[in-house]
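The two complexes that follow have chain A in common; it is paired with chain B in the first and with chain C in the second.
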Partner chain A sequence: MEKTKKIAAKNQKTAYLFILPSMVVLTVFVFVPLVSAFIISMLNMDLYMKDISFAGAENYLKMFQDARVWNATKNTLIFTVIEVPVQIFLALILTMFMQKNTKLHKFLRASFYVPYVCSMTAISILWSMLLNSNSGMLAYLLKKIGIVMPNLMSSPTYAMAVIIMVTVWRNFGYTLTIITAATLDIPYSLYEAADLDGASGLKKFIYITIPSIKQTIGFCAVTTFILAFQAFDQIYVMTGGGPQHKTETLVSYIYDRGFKTEHDLGYASSISVYLFIIIAIITICMRKYISGKEEQQA
Partner chain B sequence: MREKRKGKIFGVTGNIILCIVALLVFIPLVWLIVSSFKTDADVIKWPPAFLPKEWVTAQYEYVVNAIPILSMLKNTVVFAGSVTVISLLFDSLAAYAFARMEFRGKKVLFTIILLTMMVPFQIIMIPLYIEEYKLGILDTLLGLILPRASGAYGIYMLTSFFSRIPKSLEEAARIDGLNNFQIYRKIVMPLSKPALISLGIYHFMNNWNDLLYPMMLSSSVENRTLSAGLAVLVGSNSIKYGPTLAATVISICPLLLLFLFGQRFFIEGIATSGVKE
Partner chain C sequence: MKLKKITSIILACTMTAALFAGCGKKETKEPESAKANETTLSLWTVFTGSDGDVLKEIINKYNETNEDGITVEVDIMDNDTLQSKLPAAISTDTAPSFILVGIEYIQEYVNNDSLEDISDFWKATNTNEDNYYENVVAKSYVGDTLYGVPMQYNLQYLYYNKDMFSDAGLNPDAPPTTFDELEECAKALTDKDQGKYGLAMPTDFGYYVQYLWGNGGDVINTATDENLLNSETNIKTLTWLQELKKAGVSPDGLTSAEADTMFQSGQIGMCLAGPWNINILNGLGMNYGIAAMPSGSDGAYSAEGGCSYMIPKGTDEATKNAVYKFMAYWLTDDVLKEWSVRNGFPVWSYSLLEDEEIKSNDILNSVSEASSIGRDWHLGYEYGTQIDNDVMKPMMENILMGSDVTGEVKDASNRLDEIVTK
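Moving on to the complex of A and B:
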């Protein structure tokens, strides 16, 4: 009895040694900053970290009167609400045509993943050049059929659409890979019955495939949503938030306010707390909705 | 009979659509690569031509000489490489304890770690900047590596992988007198190679491609990674068209080559993440 207790105690110590490195890293670089974020958001503090003073709710009050915060919220929502469904829908359609494990389909699956291997920075540079209205390939091809292409990136009407298009172009392979992997796990016997009934490919996809991979689609929706809400790279490279802040998302605004123009860390922090709360609420709602739906099914 | 024909039409239409999408994916990438071998005049020529009139490496020579692209490349390799190796080590050690050992507070700690997966980087970005400044590691490679030396996703993925390794193997080893660390090193780690490689590639790719994190934590040109350096150069309009093309190719080439040879691991790393949950 005594001996087993001793072994258990020794095992406990070893276990703590095993988790120690990770716990130190997570504590110093995740937990401490996370708590600090809320504190900093209530301080007056700039990038040079002199003259720090307590501001209380001042930063938050300022935030609600800041038109750029509302504008950035709106842009982030527009971006997310269009980008996420388009990316998932595109992945689903392509998956529908890729149900066979033929050489062609295997090759295509890998091909669609290639843009995702490249950084968003590189992809954004690539598309900025292709879409350039003075020397870009597309402008030339359009001109040949009589269309004069405007400068998309500096057009308030088109800039956001272009950013969404480029984001989908790079990321759809990611969603596609997850969804195809899930469809390959569906037991073939489910399709056999449908084959006997003479169901078409589309019907089989809607009535068998989609219900079987619902969980995976839900997972993709949540992860893509979180990523979309944090969109920054493509905006930084392609438009810098312009024209007229038309493509400025919350993260672009936080970066701009904290590190580029005003160096106002306290205020930028309060906007990031605001972003965090929105993401948390929407994520929880989405998860609830998804799991609620499953219960209904069962 | 009619159904069969219908199925065939469905398949053919599908393949045509798939091939069109594949072209839309490949043409821009091929354009990028071939254009990086154009001359300055060729790059901005109107009407533009897809292929270079003559193939030159002038843009690459310019980039290597005029921009610290090689030091950026080195930084990116050191940053992404170190993060990958160190986080695999730390995460696997922690995962071993969570999957294979009993200790007080295990459940609570694991739940807290899982919850950090919900924390977006943007909320800790400003405190992290201040913290690194106070620790004196702001704008150093060490400052880029340390915060990423362990992560919730890695611990979570490896814990679930380690728990699936049969207990019987471990019991046999214990009878042979192996302690926990030896079991971790000689049994669990070798058996988990595929999971470790997939996770490693996932880390390597994400860190290689990351922009906001390295851009914020490194201000000097000497410590910039490729994507941060490139984004700043393009953002400040301080680089011409041709060199931008060459620099972009340099930044994506290493990962593309890695993908060509280790595709399976790239895809497995993320494909498995969606199936669970």
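Moving on to the complex of A and C:
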């Protein structure tokens, strides 16, 4: 018994050594910046880091009176509430046709994954050029058949829809890959039994596939949600937050206050903390909801 | 088993140590002398267009020909990136040897104690300050202290497509000189069925103040912080601009970059821009002309701009002296001539004005003629960037999209008040 304890303790030490590199990375790039953001949010501090003074809750009070923060919150929520379900739904639909492991299906899965490995900046530039109503290829082709394309990215009505479309186009391959991988682990006997009962493809998907991969869908929902709340690159490149701040999300507003216009790191940090709290609350709620469902099923 | 354990420990330690590999201090400001008397200078700048290629060529030539062992390594990035990187770089002592940015940033940098005083530049390099236009050199001074060495000077100019003028029955040698003529020409040049537009009115254009000035209006008195935006004169001018836009002379939601592209491809007849377009237009063999900003009821005014070389705070003496040598090289007539001839920037050196090639260059003559109406648009004003981003840009975007002018001006004026009363 004593010997077993000693072996376990030794193994534990080795295990700690192995997680040390990732702990160092997490500490340097996550925990330290997180704590720093909390501290800076309570300071009067600009990008030049001169004349730093304690501000207390001043930055937070200013934030709650800033109409652009509320506008950015609204835009972030609109973006997330549409982008996340569309991305997961699209991946689920395609999964119906991707469950086989043939060469064609593997090729298609790889093709859908390609945009995800490209940088969002490059993809945003590509789509900006394609959708440009004055010099873009799509506008040119539509004009050939007599259709005048509106300037989508400068339109307060369409700009957010375009950003969402490009984000879904780039990211759904990732969700598709994860969900398809999960579906490949579902025992084939379940489908065989359903076949014997005469179930259609759609019914098999709804009653076998989806319940079997609920956990994976939950994982995708949480990760996609967090990424959606942090959307920045595509907005910065395609619209710069315009027109009329209609596509300005919280992260793009943080960038604007911290690095572009005011250089006010204290204020930008207070909005970062606000964003962190929103993400944390919603993530915890989602996790609780998902684990609650799992417990109910168990 | 023991071997496995030792290997595991070594592996884990190596991985952890590897994480710190990039954490060493980068000595960017120290002269990186591989051999005695050799100095490498790092330069950050924002010349992302075709003029950046010319800049690099001139720098490469300097690197190959200078006898002081100086090598300038240029790092070109967009302005937003540079402006967000530089303060942090100065604070952490990792700034480049020198920078080349817009003169509008000098005051902000000086306020934050981010630049070296280089008042001894003229004497140290034996360069005659009086050989250069006083108004150009003055923009690199804050008070009596020199913080930059001018690299170029420019205004905004009216570019017009001579072929489109001829096609529309307009005289290609008579560009508009007043706002009324501008409106007439813009309407005459517009043929939406053919995808042709008369005048570029980009939503992100930073110099609509020129129209306000032309009719006697203004945005702010930078000396007293007095808000001048909400005036009848400005509302009248902006209403005229909105009517012009509603008449369809400009594409909807146009950006400045798109305006340049559309002008180059013959889709837009007239646009306002700096001289950096000349290089591209000449390369395309386009039949175009350059004129001064048209005048309103009060006269014609164009926003001044330019770039200067500056040295970040904390740069050591050896590096500073090497940068001085490069800056003095830039101010030689040969270099300034190459820059002006190839890029179309106006000449601001008296000795270069006597050059025969400069005198016979039509484009440069047009640019020089159009360069006499320069006016300071919040250069060096500490709220300048905020006024551009938070006041003028949203106001013009909304007005060009058809919002109520009076309401927009009132809102913008309130935002301006908030900024200047901070």
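By our rule, the second predicted complex is superposed on the first by the 265 of 298 C-alpha atoms of A that agree within 3 Å, B and C clash if a C-alpha of one lies under 4 Å from a C-alpha of the other, contacts with A are read in each partner's own complex, and residues count from 1 in each chain.
Keep this in mind: a residue touches a chain if its C-beta (ideal position, glycine included) is under 8 Å from a C-beta of that chain, and two chains touch if they have at least 3 such contacts.
Here the structure is a predicted model, which means the values were calculated and not measured.
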Open item on the list: Under the stated touch criterion, which partner chain does A:Leu108 make contact with: chain B (first), chain C (second), both, or neither?
Closed with: first
Open item on the list: If we overlay the two complexes on their shared chain A, which of chain B and chain C does A:Phe259 touch? Say first, second, both or neither.
Closed with: both
- [ ] Mind working out whether A:Leu196 is in touch with chain B, chain C, both or neither, as first, second, both or neither?
- [x] neither
Open item on the list: With both complexes overlaid on chain A, does A:Ala9 touch chain B (first), chain C (second), both or neither?
Closed with: neither
Open item on the list: Just to be sure I read the superposition right, which of the two partners does A:Pro243 touch: chain B = first, chain C = second, or both, or neither?
Closed with: second
Open item on the list: Looking at A:Ala67 after the superposition, I want to know if it touches chain B, chain C, both of them or none. Which is it: first, second, both, neither?
Closed with: neither
Task: Partner chain(s) touched by A:Asn151 [first = chain B, second = chain C, both, neither] - done: second
Task: chain B versus chain C, judged by how many residues of chain A each one touches - done: B
TODO: Go through the superposed model and pick first if A:Val25 touches only chain B, second if only chain C, both, or neither.
DONE: both
TODO: Show which residues of chain A both chain B and chain C reach, each in its own complex.
DONE: 14, 18, 21, 25, 28, 49, 134-135, 240, 259
Task: chain C to chain A touching residues, read off their complex - done: 5, 8-9, 12-13, 15-16, 18-19, 80, 83-84, 87-88, 90-91, 112-114, 195, 203-204, 251-255, 258, 261-262, 265, 267, 385-386, 389-390, 394, 397-398, 401
- [ ] Flag every residue of chain A that touches chain C in the complex, lowest number first.
- [x] 14, 17-18, 20-21, 24-25, 28, 46-50, 132-135, 143, 150-151, 153-156, 240, 242-245, 256, 259-263
TODO: Spell out the part of chain B that touches chain A in their complex, as residue ranges.
DONE: 3, 6-7, 10-11, 13-15, 17-19, 21-22, 24-26, 28-29, 31-32, 43-48, 50, 89-91, 93-94, 96-98, 101-104, 106, 109, 113, 116, 118-131, 133, 146-147, 149-152, 155, 179-181, 184, 205, 208-212, 216, 226-227, 230-231, 234-235, 241, 244-245, 248, 251-252, 255-256, 259, 263, 266-267, 270-275, 277
Open item on the list: Touching residues of chain A toward chain B in the complex: what are they?
Closed with: 8, 11-12, 14-16, 18-19, 21-23, 25-26, 28-34, 36-37, 40, 49, 93-94, 96-98, 100, 104-105, 108-115, 117-122, 125-130, 134-137, 140, 169, 173-174, 177-182, 185, 198, 200-202, 215-216, 219-220, 226, 229-230, 232-233, 236-237, 240, 250-251, 254-255, 258-259, 265, 268-269, 272-273, 275-276, 279-280, 283
